[in-house]
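Structures are listed in the sections that come next.
Below are two complexes that have chain A in common, paired first with chain B and then with chain C.
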Partner chain A sequence: MTKYKFTTVEEMPPLAFSIESTRKIPTGSWRHVRPIYKDKTSPCEVGCPAGEKIPVYFDLVRQKKYEEAWYKILEDNPLPGVTGRVCYHPCEGQCNRTFYDESVAIHNIERFVADKNFHNNPPERISVTDLLKSEKVAVIGSGPAGLSCAYQLARKGYRAVIYEAGHEAGGMLRYGIPHYRLPKNILDKEIGDIVSLGVQIKVDSRIGKNIPWGELEKYDAVFVAVGAMRSKKMSEGQRLNSSRSFGEAEGGDLKGVYSGVEFLYELNTGGSPQIGDKVLVVGGGNTAIDAARSALRLGKSEGSRPLSGKVTVLYRRTRAEMPAVPEEIEEAEKEGVKFEFLVAPVKIIGYRGKVSKIELQRMKLGEPDASGRRKPIPVVDSNFTIQADTIISAIGEEPDLSFLPYSFLKKGVRVFVDDDHSTGVPGIFAGGDAATNPNGTVVNAIRAGKEAAAAIDEFLGWRTKMDGVKQQVVQSEEINTFYFPHEKRAKFPRISVEKSKASFGEVNKTLSEEQALAEVDRCFSCGTCLHCDVCMTFCPDVAILKDEFGEYSIDYDHCKGCGICVNECPREAMELVEEELQWA
Partner chain B sequence: MGQIKYQLPAEEILAPGHFACPGCGGTLAMRYALKALGRKTILVIPACCWTVIDGPVPFSAAGVPVFHTAFETAASAASGLKAGLEMQGDHETTVVAFAGDGGTFDIGFQALSGAAERNEDFIYICYDNEAYMNTGIQRSSATPFGAWTTTTPSESPKAENKKNIIEILAAHRIPYLATTSVAYPDDMIAKIQKAKEIRGMRFIHVFSPCPPGWKFEPEDSIKISRMAIKSKVFPLLEIFDGVDYRLSHEPAGTPVRDYLKMQGRFRHLKEKQIEEIQKTIDEEWERLKSKLVSSKRTRQSNGGPLAKERNLFHVKRGEALRKE
Partner chain C sequence: MGVNGKDSLIHPSIDKVVVIEGTHAASHAVKLARVQVIAAYPITPQTGVVEKLSEIVSHGDLNAKFIKVESEHSAMASCIGASISGARAFTATSSQGLALMHELLHWAAGSRLPIVMVNVNRALAPPWSIYVDHNDSLSQRDTGWLQFYAESNQEVLDTVLQAYKIAEAVSLPVMINLDAFVLSHTSEPVAIPKQELVDEFLPPWKAEFKVDPANPHAFGALVGPDAYMEMRYKLFEAMEDAREVIRNVDSEYSEKFGRSYGGLVEEYYADDAEVVLITSATAVSTARIAVDEMRSLGFPVGLAKLRTFRPFPVDEIRSLAQRVSKIGVMDRNISFGATGIIYQETKAALYNAPVRPKLFGFIAGLGGRDVTPETIKEMYSHIMNNDTPESETIWVGLKQSQKS
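For the complex of A and B:
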């Protein structure tokens, strides 16, 4: 303010005037509610089984800090390149943007971040402790659950040793997923990163076969993550039709009959299974779709016979109930895989030891069963027979637990575990598809590994501190959509159908940087402040300040608690709390 | 593209600690206006909420010199101040009359009309909260049809439509007229900055929600203001020279019901009255549209923006005046 020359009242000009700023008036005393900054949990974080901090790493991508973003993902998931390709992305199903236009393409961004860091190694600081603990933990199986558990244990300072029965690490990721979905160099890279953190992987070590169970007794804890690698027999999967038993005895031994896992294993280990002209795949899960699309490529790549249109998937329910990822079904359809719904196999008919026909029965949908899907019910007298040369049965997988010596508590074919993955035998934990309540997906296995690592840590008495406190989840109606103009979701680039179905090369490509940045901008960032200044812009009391680091503070001496900042926050990163009354 | 963000001038001229009610739209209007105008500004404030908001002697929130004047005299006081500054050789300082709707639409109207007719060189900003708020919510000629105020109780709410001040001022053919809203700070600041560059009488009409007067929670101020724009209750316009109309924001045209339902002052309205209000809005919008279309046609036939030349004329006239 201007300095005035008068010193006495007489010298003052004959009118009232103000020379002080109202800043001296603490209007904050009017307030009965107080705005605060409080980050909340986004629904995608809840939707992600691995619990990735999606809005946080999205913000890092937004700032083009791709390495930092990668480290953020690595805190929860050591295999972003894998999940960025094959995950069924339940996160996107929870995305609040779904209620506005289209969900954010989260898994494409995950893949983008992983691929951006393909030539980088995880830093030492990814470990939560510098202290190397004396306890050793054995992990049986190097699938996603085993890898995730060993990785998290290594981060916590344990020495983890993985016993892998196969010749190479990766489990189902290596042997169950075809190359066109997951190129093996990606898997090798990410397994390499895990090993670089001090995890030891012993391949060709099948417990109960060339390694006795007794060897595990030198470990302080064991995590059983052998997965479900054995295909169910059709007779077991199709119990509904048991009135007419259909199993190994009735055609299962014929030449030209494969199980889905067997078929994919052979393909992924360099073999080329012999298939005929007319391939039928039984089942509606991801294994079935993988097998069907692989069979299509196999026919093509050999150049022997044009196979297009000759691979048919048989499923006993309808498309809506198929457990496979919808995108995969669409892709298969694009490439020329045919679908036949509401049919179940009854009997395989052979001719001279080879498959020649299959007898099928029509189904109709009944009441929802325990899985929430509608139960298929056979239609009486609807049997019919069709020609087939090759039949791939992919009606589900189950674990092979014959190596377990103790009388482990089992539920069905799986190891029974508590919520903390303990088996009841002290020090032995289990997770992934080998244990109860599996959902057969990579990301759930990663979650199981992470949770088991935490449980083992607790069992061994350390309780290494990890962040990840669950807070209030942001609902879609809490988003202030005024700030978000409608924008189209990024479409992932893919090679042409003609090209894709002719080879085992990867079908989908990584988003370009430009696409990724545009897609990240679509994210509402529910519950995570992005410092967009909206709160500051609309404060009538000029009570929100920003320091030189870009952080906000509220001047409670002047804030009257009108709540505009909280109401206008585009992403619900603020809230109003009752002011405590002070009778001073 | 992503999220809408606002790039506003960083300098905060308005001080906290002022006496506005929580969630006051008129205060936000002042905050943005000062950001756009800068410190070389003199405010003339007649009797209105801002007389109180600015603070009791010896305090002032505005951060620039404020001249408090009588209710009916904002425009004449501003004319005098500007003339005084010109006489002292100060051609830089912007004189701004900052008045409420009462001091603009009703009590200060003849002074405003006079200043507009003389094309005085100052900016008149009217923050419109649609009634006499600080005296206890009495109706003004800016109060909309159907609204409750203490002088138009809900048994007999206001039966007349809001006075169309923009049309009246357009008829004075002043160089620049604009309507804006506190929910669109970027729009408001751009318009005031544009006004600052033009000489002659400029009028900015700011839609400023009033939580206690309109009976809504203070946190909804911006939301309501935005709804008014979206539902075509308050069009965002620019009028050059009183004839060249331009629309700054194409509203979505949401039902006016959503806007009315958020406010206690419209709570008593029956469905039929809401329909009537909607009809009036639609008719007004059609009328406005025809003006926009004919303005565009004129611009095109003149081979360029008509207003630009006219503005230059005003600048030149201003300069000529100063030389004299």
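For the complex of A and C:
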């Protein structure tokens, strides 16, 4: 470097700056704290039972790498087209953006990604290993838990065989969810993808009926995922609430009485259940809402008998306690389903073998029960009768475990399982709605399948249990919202109410690419670096460097540890750690 | 409209004529100057400048980085950062906001950065006031900033455009002052020049020295006693050079856009006047009316509009002194323990001059007190009726019980 020597005004530059580069001065020695890049967990990931890496696949969507985004989801969930439509999206409930304006429409982005890849097949590399293992695993039931487990086992190199009692795979996804919420081509596509990875599905194979339990003995492990496909009887459901319960005989055999599961099964297998003008649906869960909205459509689509809004849901608590997804309740209301709260059925009254009336009792809310919801208490002498010609009872489902040969530990009507889905009988695992840790949702069943696959892998000796390092979850106040202008959440497109209530065609549409890209931009990407360069821009010492691959590194010879980068990081993907002082 | 009258609204350089407030005239000029970084903190009566700019930037009409800041100190710091990396930078403030910037005003000038700032002149508190006087900007006299005072909204726009050209030529920051409310919130017709002509007049700035992350250097570095004086001398020299640059830029502007403001000082009926009043900003247009009226009655009065305060127009004032017998100075400011500030400077400019007419120093219009043609006529009368001033500060319009 040229040595400058100024002696006169004329030789001097107009302003004072260092002649040599400040790189010469190792200011890093001033530092007592050091910034580091450290990705953290976003609350949505914690909220997603399937554990999808939401900020990561969002970033891929942001970069329009839709296939890559899909692969990222597939690591945790083989059914994004399904969950993108029917999931109750607890992820959104945890979203940090909720505290700022509105949660990010994660659910709609998941669907967008799945639909963008509708014509693609999952690649070989979705498998975690090339090694084909000799162990075979049987899975009973091809609902979301069974599919998820078999899929994850296949990814790990196992041969997984699913035994399905029905004529087609899918379980509740196929037989329980109406077409207007989940078109069957979506389900078929995703089941097809799972099969293409080597999972074998044997349909029409009911264990304990046409397939003996003994056949399963040739397998090294079994996962029981038969779901909860049997509707509870009204008498059982109401036992606690009514002094005068009624049994099946008392009205249950009348023409015009269905269980929710039966009703939806018939619809989903191409049947057309006979319903009348005055349809009453008993229950407050998703099955009740599905049945009510389907009944509405059935009336309309038949054309000859206008229903004139005569589908009413009867629920013994209030709207706030309804377990159904709130959006579904709203949609049902939009389409004209009526709701009657704080009523419980006492007796169905028939005339000439057909339903004609139902006797109901008024309820009021008492103290919260074990579920945390306020318990309904009957109001004395409040019984009344209303006209009805169709009654659909959807007060909950339970598993049918009559095929199990062992005296399994059961709790209530379900298989008792440990946290790792083991049953106590070595090699037999259970999960989903058939087991003791259900919550009746698709995504929890997917999680159960994934966790069980990991437990089976471990049981078969291929995987050692690892305690995952618990990453810190980013809190809303840690987001530097300065970088995020307020933006409206994407509204998913839907067909008109007039159209939707008159057919079984899908109600909700996929976000347009433009909408999806705007929506991913709303994501704070809590704890996941997006390479936004804010740290680099703000570093007063030019101590943050970016390599040819776009990755950052910190030049600790010059970083003074001022912490501006950490403070400015919009998404808490950096942190300051104490320097270990070294005394020579 | 001031000096150029209605004719200034018809010229081939004009894109359109709009009726806008003084604050918005500044915003339009910033857009035309293709400023790249704007950082400002809102303060009455400057807010309109920044409000309009935020709209212009958010509508995509100006490709600039608009930095929201938490104080005027940060606003100037941001402009310094922008300018030192080679970007054309702008800020606007007023009164207390300008006072808060003080430390960084020195920094900007010492770093020789051609930042342009609009200051809406507002009296300093307490007592609290939002109305015009000039103590805020005159308090920044020794920071190394050039200071212009505008008489009309058109002059605000034109001076902002000239200011970038001057600033970038001499590597010094420029402050353009306009009177609170009298200009800032008063709508006047303003000719907006064609963008392509402004682009020709004001090409992109190419900084001679700028920060480069690839090769970091320390700016504003420590220099020893062996060099500090020379660095200051260079700044002094640049300010001296600015006089000629201001004159040249004004005539170039006049050729291109048809409007001229006389460089540092514009005279009005001063050639054959016996008594001349020196003043600045909007009081000048009021004084024009007073002069017209007094001339029609046969009084030999004239006017000198002080357009720049820094650099101080010493040559122009000395030239004036050779032609007239008495000079009055109207100060819309007061330096406690001394006199009006422009009065002091005028006296200082004349002390070593070959001809030294009698000087009368008036204080008027503080904190938004109206300056009317009558106020100005009172000053002319006082000068004409007295051989020497009765005191070094003559307060005009003061509510005084003993005053006759």
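As a working rule, the second predicted complex is superposed on the first by the 555 of 584 C-alpha atoms of A that agree within 3 Å, B and C clash if a C-alpha of one lies under 4 Å from a C-alpha of the other, contacts with A are read in each partner's own complex, and residues count from 1 in each chain.
Note that in this section a residue touches a chain if its C-beta (ideal position, glycine included) is under 8 Å from a C-beta of that chain, and two chains touch if they have at least 3 such contacts.
It should be emphasised that the depicted structure is a prediction, and the values quoted were computed from it without experimental measurement.
Visitor: Taking the superposition on A as described, I'd like to know which of chain B and chain C A:484 touches: first, second, both or neither.
Guide: first
Visitor: Tell me which partner A:533 touches in the superposition: chain B (first), chain C (second), both or neither.
Guide: first
Visitor: Once chain A of both complexes is superposed, is A:564 in touch with chain B (first), chain C (second), both, or neither?
Guide: first
Visitor: Touch check for A:6: first (chain B), second (chain C), both, or neither?
Guide: The second partner, chain C, only.
Visitor: Scan A:496 for contacts with chain B and chain C and give back first, second, both or neither.
Guide: Touch partners of A:496: none, neither chain B nor chain C.
Visitor: Looking at chain A, which partner touches more of its residues: chain C or chain B?
Guide: B
Visitor: Which partner does A:14 contact after superposing on A: first (chain B), second (chain C), both, neither?
Guide: second
Visitor: Under the contact definition given at the top, report the residues of chain A touching chain B in one complex and chain C in the other.
Guide: Overlap of chain B and chain C footprints on chain A: residues 16-23, 541-542.
Visitor: Can you tell me which positions in chain B touch chain A when the two form their complex?
Guide: It comes out as residues 1-6, 8, 12, 14-25, 27-28, 31, 54-55, 57-61, 63, 66, 185, 211, 217-223, 226.
Visitor: Enumerate the contact residues on chain A facing chain B in the complex.
Guide: It comes out as residues 16-27, 30-31, 482-485, 487, 518, 521-522, 530, 532-534, 537-538, 540-543, 555, 557-558, 560-564, 566-568, 570, 576.
Visitor: Which part of chain A faces chain C closely enough to touch in the complex?
Guide: 6, 8-9, 12-23, 541-542
Visitor: Please name which positions on chain C make contact with chain A in the complex.
Guide: 110-112, 171, 208-209, 213, 215-223, 227, 230-231, 233-235, 238
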